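Next come two complexes, and both contain subunit A; in the first it sits with subunit B, in the second with subunit C.
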Partner chain A sequence: MIQPAQPELVTVFIDGQEIAVPKGTNVIEAARMVGTDVPHYCYHPKLSIAGNCRMCLIELGMPMTDRATREPIMDEATGKQKINWIPRPQIGCGTTVAPGMHVKTQSPMVKECREGVMEFLLINHPLDCPICDQAGECKLQEQATGYGRGYSRFIEQKNVKPKRTRLGPRVTLDDERCVLCSRCIRFTQEVAKDDVLGFVDRGSYSTLTCYPGKELENNYSLNTVDICPVGALTSTDFRFKMRVWFLKQTNSICPESSVGVNTVVWSREGVIYRITPRRNDEVNDTWMPDSGRVLYKEVQAENRLQPTGDPASDLLATATRLLQGGAVAVVGSGRSSLEEQFLTAKLARQLHAATFVVGRTGAGDGILISADRNPNTRGALVTGLISEVPGDLAALGREIDAGKVKTVVSVGEDLSAAGLTAEQLAKVAIVYLGSHANATSAAAQVVFPTLTVFEKSGSFINQQFRLQKFASAVPGLTGATDDRVVLDQLVTAVGGESAGSDLVSVWRELAAGIPGLADLTYAKIPDTGLLLADDTWSQLTFPEGESLHHQPAAAETTA
Partner chain B sequence: MPAPAERRIIFKHIDEEGYSNDLACYQKHGGYQVLQKALTARPEDIREDVKKSGLRGRGGAGFSCGLKWSFVDRKSGKPIYLVVNADESEPGTFKDRYIIHQDPHQLIEGTMISCFANDVKQAYIYIRGEFPEGARILERAIQEARDAGFVGRNICGTDYSCDIFVHRGAGAYICGEETGLIESLEGKRANPRIKPPYFPAVLGLYQCPTIVNNVETLCHVKHILDMGPDEYLKIGTPNNTGTRIFCVSGHVKKPGYYEYACGEITMGQLLYDVCGGPREGREFKAVIPGGSSAKILRFGETFTLKNQDGSERVLKVEDIPLDFDTLAACGTMGGSGGVIVMDDSVNMVEALANINAFYAHESCGQCTPCREGSLWMKKISSRMVHGEAREEDGELIKSVADQIAGRTICAFGEACSWPTQSFVLKFGDEFKAYNEDKKTKSADRLELV
Partner chain C sequence: MSFKTVERKPLSFAERTYVPQILGGLKTTFKKMVKPNETLEYPEARPTIPPGYRGVPTLVKDPNGREKCVSCQLCEFVCPPKAIRIKPGEIPADDPTAHVEKAPQEFDIDMLRCIYCGLCQEVCPEEAIWLQNVFSLSGYTREEMVNNKAKLYELGGTLPDDHYKWDKKKAAEEAGNGGH
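Our next item is the complex of A and B:
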């Protein structure tokens, strides 16, 4: 919906291939645009330029002009402007494009430079690949294969460094594998704003360490593990657990807050081993909080709701009876997917029930955790489940006290945690859909065990009104049912019409029923999401403050 | 030809009987008069004079001082800083410390003139960490000058104000590299910066335009203004103006420091006539002309150089006039003026092992080729002298050096690879035969850093 401003373009020649790239692009990115890989270690698109690994050396030339007249100097033979090649190789990461710039990424000199750097990086590097967590996703391995010489001339003693340094509660350092690229240091300075890492000692004996008396313990510490090009920084949780090439990758969205961090869920044979960030330059860049990475542990948590053994049809029959008794209230959730919220709203309409959503807030960290801890508050607005920013359930409590509500449907919300008292819960019949046991499931007359975000597919709308989708990474717990299926069955059971509970069908309904989603399907949502128009809700005050790539509307007007 | 007479300008009062490093003595010898005169001139005219004088930096690279000053970003609106590089760490170099110890006001005057010429309001003297006495002397001298109105507020009663702070270095060779120095001055590890974008003239100290000049260079500025650029131009040879201080160490009878007009003395004159030649019963074998990073010259080798008219001349090492350009044409450099002499008692593998140990110890460790290459070179040459030399080691060590030079963040890459490249190139036979030689000559006493 929002068109980015057209950047000013600069024409450059990568290995003779002409391409127009945005002004300010560096040579590594410009080469990427023509499909050429300029190998690198220290360069990271979201960090400052360090220029220390020297892997990205390329040859650089500029069109020649006469000093006095500024006229181009032409090559008689080709009829083209002559190129003045700089005799020394230049770093691609630290070189910004200039009009007419020529770059050689494949010349003998470049090849020789890469071989030299590879040899240097390997002489003191341990032969740990067979036991190294990074193996399979290691830049040093990859580039040794691609650009190394394939034999060693080094017969001296290798340097010895600490193999198992605790940098913090979640990160363990193997110093011998460190290529001293300083990515981790720059990350802690520039993104996490917690300047605790640095090098001590000099030359080849340089060692990464924490500031004395401090630890790498901020909630972004594991990003250093992600960006470490080698197996030096390892996740203490993941360390030695699984070879990465066995893992299946599934795109997901972190449900931690309304930021909607894009993630990849790594699993094997139905078991999740880790979650890492997925690049989205409009949302989370390449980062994610540590706290979002452990959420997969909920999948196999002790308190997962198990099927009771009653046949599913009995559950449905009991629920239907309760709902048909009237005086129903529906508590939907800001954690439910857009599709689930749509079906929740549909059920409520069918029952003429009042709807509620539980607001869930906490302090934002200004980076990637926002004050709204519901990943999909916007979805509840877009689907018409609610029309206000959600708060607590006091109103529902009053209605229960007044005897106006006899049955409550809760989609994954623990009503007592949301503020209803035990007496209030005792006054009503509860139909509960949820994945984990809690006071509400204990008090409920009917419990439908459902799935976690990792076991189902759907979409969330984040604080920017960006529609983002997630896919099921692992099969659901045996006997648990997708919320969409349960909701759709309830709708039909109370006399509504089902259009199907699968994503295609629900989206057909969504697109037809919600103007902002017209023409969309689940499949059409891009991997990095789709920004929706938010004018309808511009009068509401949302709890979020500023975070990476998000300026709250109010702050914009005061600024 | 006998050597010409010494021409002492910078070192005029060094070791002079009765000359002390206090303000009174300096003023008795005409001190701070040039500063007073300079303050009446327009800054841009002083800059023009320095450019015209042809002054080249004495810190190592021999870069034109006037040109360096012309690169300073004067439109940014940010303050401009001047930093005096008094880190003097290049092995074989010992000139700046004498200026600081014995004639500190000369440096302060040169610095203040240069500051005025460049609209600098704050200068720093970054002095080598191992020079505590020098730092004390400078502090005292600056206070004297401040009290007398030559430094600080309203200098010499004008509305120009500029102060000088002394900052003691962090005790590493790399602190002398100008961008490493700037980082260190900012309180960080002296990791040199990448250029582009961090050219000191634009993004230097605290990301402001900054001039970094060597101690000796700034002293020359005083004398250029004193005698006028035209007079100064007459000293030395075209493009190699002024005097140079040669710090001669090693196997000569009279090591020490000597100041000569640039290019007016040859290597032979310096080593034989001035320094008294080799020790008894010895012959000169090699000389490093500009600090340990400069490429070594082997006695007996010749250089064929082009004259301006296109004709050629052939020079022996002894014939090389000691200026910037001829030394460069002979494949080495005048560098910092540290002349290191070796006679035939020296084994070149052992000499290189010593130099390599220094550079491996001093690499800051930021960039891969220098960090890994410098230590690898040390490991090879140390292994060689400890009895495990192989015939191919000379070639190997040189190819390691070839993989460093020209590919690093700072010029340390060249500094650490040029010795190896030139030693192996010129003494390859000694590298090949080292194991054989060792059986006859014991190197057991060799202690490496």
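Our next item is the complex of A and C:
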């Protein structure tokens, strides 16, 4: 692992408190480091600085020096260098720290500035909080509590602006609530590279609109909803579904592709309401694709595999009989967690079975969707389930045709979608573990209903060989069993040693059995992931192209 | 142990006849016979409930018949025994009150949980939930004791509105920015 170069530090004084911050930091971030919040709307750490909301005003001073001699001017009384305070407030977001800089974030002038900005922002703001989806996570509400007047001195008619505008298939806009911070505009320009939003009209008539004839329909449109500090941009899917203060937040990883976007799953009483990105500066910054946000719908999908009513012991007995018949092939999955892949590999070793993993590729978008649509291909390599980049199941098909395979264990993979014909499926007995019904589960002799990624805990290894963990957000479907438990039962049923199927036990085995994971436990994986050494697989060619924070190795050497 | 013997006063003649005592008792009896009733024949007769009484929580409509609740779920949040359950919903675009945007799809108050604290009324930003004069509820099953949205509006009826906030909003929307 290469350590990043130590940044050059600059010493500044925030409200008298001395702190060394990296060069280039702005005052808002520097204040954050001493635990002081400088309220702001337009500033966003991952976007350019616009400096238009004026909420972040602070007082700024520099140590005084004599203009002619450059000698420091000392204060007789304190014996310290005098501070030259700028008489007017400055914006914190647009001010980069300089050595010796002094900042006041709590002075009377700063407080008055904030109150003034708030009063102007609230002049035309609608009384919508009871029906506004942002309530509870609204910056304007928060700052109104801190710096609001509590009543309005504005006796004229409030402005009216379009409410309920459809900006795109997934985003609804309420212009009256917009505080004109331009975060959404900068996002579409700078990150999504789909410059469709802009302001029209002037002054208090300024209105956010979409370019005529266009829509905000790129696959990153919902990030504008996340970064909108108020309830102007709302998610059409989440609109009016639930108040955010009821929702429980669980850290998760998006299974959409090998990028491994860090997410937060928001649920209440076992029902998931939305998925939002979680900041990870090494992986997804603060963004995620729209397509990954709807994946929670698979938890309550129509085609969810329901328990058949047969006792679990019967299922296990039938499966065991099939597996003990020999000539078994195991189809693992790049969608399974690292722990499940490890148990899959263990089962295959116990059965002396050949292992396969289905490759799943699509076009990468160069941002946060990669070409490899398996979230955990690297996991299959690390656990030794496979040693090559996975492709299709042609080899398995040939072995079935040759009669060398009689039973196939599939861990959540639809074999017909992966290229096996119905005749080939008919020739073998199938043991299927999966969460949703498909052609393979229909053809299978034994079906174990298992859990979706939102109902179980585990870890994935993304395209950077970063080990990242996800936790179960909602309880599993009644009657469905955790994949880990089923795999462990199968291992034991065919004569293998079980060390337990819980995360702690599986990780004990993982740490003991896999050199790259020595000394690790599930609990030790940091929230932002852990980069693993990837030298063993540097010869392989992976399908991923370049994306945010990822340069494929091959591209690196040629570049 | 020492005790004191109290000399009992001898009864007078009138006392010994019992007549004054009986007459005194009868006086009270006859007085009560002609006086109006102090008690109520509950449940046929019901008391008048003073204003501000904290009875069963109900949902109310404004004088124009608009349901006032916008399903903001603040009452659900504040309710100490978690008696309230709301499923928010969107008002369809062709509804006359479509500009309010949001209304409850389902609204349940479990009266086996409710402690009549009145916090829901206190917190409601739309003055939509009121503890009114209904004080007795009974039922044969637990389900019967859960007041659903229809029941809550039936119990609540209409209350006067001081603000007509949403009507004003709609009028402003229709007038546009011309006034500026």
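We take it that the second predicted complex is superposed on the first by the 557 of 559 C-alpha atoms of A that agree within 3 Å, B and C clash if a C-alpha of one lies under 4 Å from a C-alpha of the other, contacts with A are read in each partner's own complex, and residues count from 1 in each chain.
Just so we're on the same page, contacts are C-beta pairs under 8 Å (C-beta built on N, C-alpha and C of every residue); 3 or more make two chains touch, one makes a residue touch a chain.
Keep in mind it's a predicted model, so treat the numbers as computed, not measured.
Looking at the shared chain after the overlay, A:Leu127 reaches subunit C, while subunit B stays out of its contact range. Of the two partner chains placed by superposition, A:Gln539 touches none, neither subunit B nor subunit C. By the touch criterion defined above, A:Gln6 reaches neither subunit B nor subunit C.
Judged by the touch definition given at the top, the superposed model places A:Phe199 against subunit B, while subunit C stays out of reach. In the superposition on chain A, no contact is made by A:Thr78 with either subunit B or subunit C.
By the touch criterion stated above, A:Gln157 is placed in contact with subunit B and with subunit C alike.
Within the superposed three-chain model, A:Gly51 lies in touch with subunit B and out of touch with subunit C [touch as defined at top]. Comparing subunit B with subunit C, more residues of subunit A are touched by B.
Once both structures are placed on chain A, subunit A residues 156-157, 159, 205 are touched by subunit B and, in the other complex, by subunit C. Note for the complex: subunit A touches subunit B at residues 49-55, 57, 88-89, 91, 94-95, 112-113, 116-117, 119-121, 123-124, 153-154, 156-157, 159, 179-180, 182, 198-199, 201-206.
Those residues of subunit B lying in contact with subunit A across their complex are 172, 189, 194, 196-197, 360-369, 371-376, 379-380, 383, 396, 403, 406-409. If you check the complex, the residues on subunit A that touch subunit C are 126-127, 129-131, 135, 156-160, 163-164, 205, 239-243, 245-246.
Residues of subunit C that touch subunit A in their complex: 70-74, 76-77, 88-90, 99-102, 125-126, 165, 169, 172-173, 175-177, 179-180.
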